[in-house]
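Let me begin by handing over the structure; questions about it come next.
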Amino acid sequence: MTQQMRPSLDDPRVAIPADSTWYEPAPSPQTERQAEFLTLREGEMFVNMGPQHPSTHGVLRVIIKVNGEKVVDLDPVLGYLHRGVEKLCENADYHQAICYTDPLEYVSSLFCEAAPVAAFEKLMDVDVPRRAQYIRVLTMELNRIASHTLFQGWMALDLGGITPILWAFIERDEIVDMLAALTGQKLLYNYYRIGGVNGDLNHEFMSRLGTWMSRAAAQIDSNLALINENEIFVRRTRGLGVLDAKTALKMGVTGPNLRASGVPFDLRRDRPYLVYPELEFDVPTRDEGDSLARYLVRMDEIKQSIRIIDQVLHEMPDGPVMAKLPRLLRPRPGRAFGAVEGPRGVYGTYAISDGTDQPFRMRIHDPSFVHLQLVGPLTKGNLIADTMAVMASLDPVMGGVDK
Amino acid sequence: MDRRLAALLQETFGERLLAPVRQRYDESEIRIALKDATDTLRTLHDHPALRFEMLIDLCGVDTGEEMQVVYHLSSSKSGDWLRVIVSGLDRSAPRIASATFMWPGAEWMEREAYDMFGIIFEGNRDLRRIYMPDDYRSHPLRKDFYLADDASRSPAAGVRNMERVGTPADATAATVLRKSPGV
Amino acid sequence: MPRIPGSGLLSGMRLTLTRFFQPKRTVMYPEAKPDIAPRNRGRLELVTDEHGTLKCETCFQCAQACPIECIDMGGTDTKGRFAVHWGPAEQYAERREESAIRRSGRTVSDAAAATGATIDIAKVDEILEAHDYDPHHMLAILEAIQGAYGYLPVDALKRVSRATGAWYAMVYGTATFYKHLAFEPGVTRSIAVCRCANCLVSGAGAVMGTLSYEFGTEFGRAIPWSNLRLESLPSHVAGAPSPLVVIDGEPQRDLSAKNAASWAAALAGRYAA
Amino acid sequence: MAWNRLTPAGRILAVLLPVLAIGGALTTVLLATFGGAIAATIGANLPIVRFLVASVVTFLISVPVAFLLIYMEMKIIALMNLRIGPDRIGPAGAVMSVVHGLKVLMKEDYTPPSVDVPVFTLAPVVVYLASFMTLLVIPFAPELTSMGFELGLLYFFAIGGLSVVGLMMAGWSSFNKYSLLGGIRAAAQAISYEIPLTLSVVGIVILTGTLSLPKIVAAQDGSFLDWFIFRQPLAAIIFFIAITAEANRTPFDNAEADQEIVAGFATEYSGMRFGFFFFAEYVNVFIVSALFSAVFLGGSNPPIHIDVNPQILIDLSALGIGLPLIAGIAPIVGTLLFAAPIWFASSRVKGWQALVAGFLIFGGVSTAAVGIWAFVMLPPVASLIWFLIKTFALVFTFVWMRGTLPRARIDQLMGFAWKWLLPASLLNIFATAFAVLIAGR
């Protein structure tokens, strides 16, 4: 019995049955970079991670070229969650488009809707009532805390600790329930409207917020004590995936990842929107630029967010939460870029109006998309386990990356 | 937003600007031609008074008549934001020089623009599809890409392919393209 | 500050041990219902006022605004005969077209929007009249149309959708669900027998046995000497005659286990290539 | 026919009864004929028989031990996570792990194409074999040691190291890169940690002059200050870290780090073959805990010897024919005795409820009485209980660590073994030898 054999595309020195195709990625190089990636040198092999893998934060596929345990190169493959939101938004009117942006990033969806709302409001010259602005700040900061606590859990989980994620979910659940009492939904809030918010603060929300605020800071601090000083955790993240300020700027990194490299760039302070200029808060930065710094910056931001929430609750004015607007919105032709500082970086929306009731073009910029590019450069030369640590510390969410 | 920025830009670029500098809310906007794109971006990046060192966003736009590439830059000196619209790309064969020489982070955004609009960025080492599968043929965000409608609602009702290259046979040019020349 | 190595580990261990004894946060879901805020809009429902009448006045604004069109309105008229979607039947077609235009994001000329009747639509109207324009008899209508044209023309389906008030998606779905309904003029002729429980009880098994014996082939295979195929249908609509045998797209109503052999002989003569 | 009219139960009986009758008769005849010879053979080869019985018993206890440990892991980690954990099957979900085991049994046992079939099939067997074979030398109590032979400790390390072969086999034969990485990680880790593991007990071997585990336990007789954890603290720490790595437990569970290499060597396994890996892991945890408690925590010795010596001698043989009668009557009488006050106390309690309650109370009381009697009167029982308390305290520690710690990276792990643990264990050996020399003079 002679079986037809052929060299494996994965490793040309290995002969495999000619009719078997199922265990090879078998891509044909399309670009210079990909051809370089697909060339294997002595001792190297590909390890395919994802789209189903325990630590790829969604449906991300990463092809890793390894030499033993050492990562030589890697190539993220996107698009498993691509929904064509930009195209859908071009075919929906302005109100409906906001609804499509919600599920982009399911971990912090309020920021995803805040960006297009900001852009549309610029297009239409709408003044948002002050109470609505305060409510937006309040809900966004709550969402930021929810996102960061979840990040803390995921980070620990990707490093092998199983407990923090469940403690993190307790905090996140409380915030999510609270926001559900306000917005009506747990995950896809669809709460911001052009010219305000959908519904004023209610008793249910305020009572939940009060009980949560009374113990949140202490509880989160105590959760952090589990891994923040843990020798194993610190040794695995310190000095890993160092991103210096210059590279970070060139790569277009924003948010906590940039601040961990020592660049105090925060839209809330540098390009103020809503009522942030009136609030007092610090922008935590660190100079190390490694995974631990990215982690700690986020943990510091939680404290600042609690501080902001406290101020907002004290200073919130009375008044309407929605501007008077016509039912059918037809902005004048024009362009606007709305951006907010989210838990992962700058969420931006570039909207072009052509005078009809639908956006002519709606570009959605998601920070995770930019940050995911860094996984390759930051993990080269490290171990497979470090890939997970670096990816977790960059905190990408695939819903936003794939749009 | 810095009102002096408009004067500075006008002074620096002068005739390269296709339209006067526009400023609205906290955004400034300049519009340049395709041939000046690389030089302008380099000047914006290196000019000591401007220093637009951060690329916030890069995206393509299909106006129905031409293609545009839009850069959003942030200055590390003054904190101003600038929108650079490079207009005049040929719709049938859009090509532009890549910005990865200055901002390596633009690589994936250019890949996305290539995937969605077919804009070819010369100099990008890794210009291949990023969202769509490799064997996909059309570019979904172009205005002549027919959105597959709900089978129950559209006039052609449920017999339309998801992917369609070029213009549908049953449509006239006037009915298909939603054009917005002013953009 | 120099720290004792391992003190971080120990403090973490202490923390987990404290949590070990703390009250647990699990919500025992089926027994304990979660505390859902009154504003929660997780579920769509129609609200009634204190007199028990529906508050909805069928303005369709919600259905039109819904971006993913998950809101659908429909029902039957007062006699319980005509299905109504998005309002009265005569309005429905207009609204549907309008929606299509709006959603596709482009202006559609009158010529493009108008249905180009490439077939003689009169036969469809006759069939519809015979079935009283009742969308509940959709399968029967479609079978009759297939009998009349040999296949299901798209224009006929549109006409059916428009006249009965059934959504085009429903018509289309019904037509694609049943294997014996074809969208193109037949190239391969087929004999299909339904294998639902109802039909099997009333003798479909015997019919299948006889046919496969007579034609000398198995179900799911082509018959070697002709362009005929034997096929089995997976399901069958309740109330239709049993056993349901569909020959060449045409449902046969008077074929049963008893006369199957003679039918097969006749068919063999008819289709012999 | 009469056969057709029988119920299934009847048919079984109809077949079984004649078979049993014939078999019983044959056995009786055979015993009567060759009984003396058999007894003589058994008597002559007592060690072999003893070995066979011990291995069967060891094999049989390994499965419930694994079930118990899996349940402990699920429940304890859940409680630390502020969850409730398994609570549906059995009291407090205690039968959950058994149900998991059944589920694993019933799942499809899939052999992927292109694996190396013989090696792939043998790997779980080797792993499981290696882990339960080490159970043989565990000194549960002085009288309850399966094989207390002189080279016990060496045997333990030798056989324990064999499981790496199984993991490597699994990793290599699976035709999966995750498996390969997992197998190689397991091998590298186990080989590195074997050395400090072995070297750390050399101090104890110097002190006791033996490799036999029962003798090491016996050397710790006395109060808890005689335990080797207090006489060799450095060795205890090294040993604890090394056995954590040997048992592939967090923070050293790199061989199956699911965030990195999915499930390591077990990635391609399903069904009961995966179950073998799973069980072996938990049996391993039990074994290393038992070893630690034997070597460092005094094994079956109580912390403090309290010399109570109540002689509760019950001469059961004196009862004669009364014994079976009492055994038959006592439960009924006891149940009624406990049920009566409950039934009389409240009119709302139904008769059967009172009876059930009475039966349960009687069961509890009698079990407790027998247990206390056994603890006091039978030294092996007391020893066994002390041993299990220590062992399960350690198992709890392992689970607790899993609930707390993240995973160490593979290079840090290896570096730790070679750069810190190895010198420390050598230091411990020299210090101990020096101390023995000084004291011996």
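As written, the chains take the letters A, B, C and D, and residue 1 is the first residue of each chain.
Convention: contacts are C-beta pairs under 8 Å (C-beta built on N, C-alpha and C of every residue); 3 or more make two chains touch, one makes a residue touch a chain.
Keep in mind that what you see is a predicted model, and the values were worked out from it rather than measured.
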Farthest chain relative to subunit C (centres taken as mean CA coordinates): D
Chain pair bearing the highest count of C-beta contacts: A-B
Whole-Å separation of chain centres (CA-atom averages), subunit A against subunit B: 23
Centre distance in Å when subunit A and subunit D are each reduced to the mean of their C-alpha atoms: 47
Whole-Å gap between the CA centroids of subunit B and subunit D: 67
Whole-Å gap between the CA centroids of subunit C and subunit D: 58
Sites on subunit B at which at least two other chains make contact: 147, 178
Shared-contact residues (touching 2 or more other chains) in subunit A: 88, 91, 163, 167, 170, 226-227, 230, 232
Multi-chain contact sites of subunit C, meaning residues that touch two or more partners: 9, 12, 15-16, 19, 25, 103-105
For the subunit D and subunit C complex, residues of the former touching the latter: 76, 79-84, 400-401, 403-405
Subunit A residues touching subunit C - in the complex, by the definition given at the top: 88, 90-92, 95-97, 99-100, 163, 167, 170, 177, 180-186, 199, 202, 204-205, 222, 225-227, 229-232, 234, 358
Parts of subunit A lying in touch with subunit B, wherever the complex brings them together: 27, 30-34, 78-79, 82, 84, 86-88, 91, 122, 249-254, 265, 270-271, 333-337, 339, 346, 348, 350, 352, 354, 360-361, 363, 365, 369-370, 372-373, 402-403
Subunit B residues within the subunit A interface of the complex: 24-27, 29, 53-57, 59, 61-62, 70, 72, 76, 79, 81, 83, 102-109, 112, 116, 125-134, 140-141, 145, 147, 178, 180, 182-183
Of subunit A, residues touching subunit D in the complex: 20, 23, 45-48, 53-55, 69, 156-163, 166-167, 170, 226-227, 230, 232-233, 235-236, 383-388
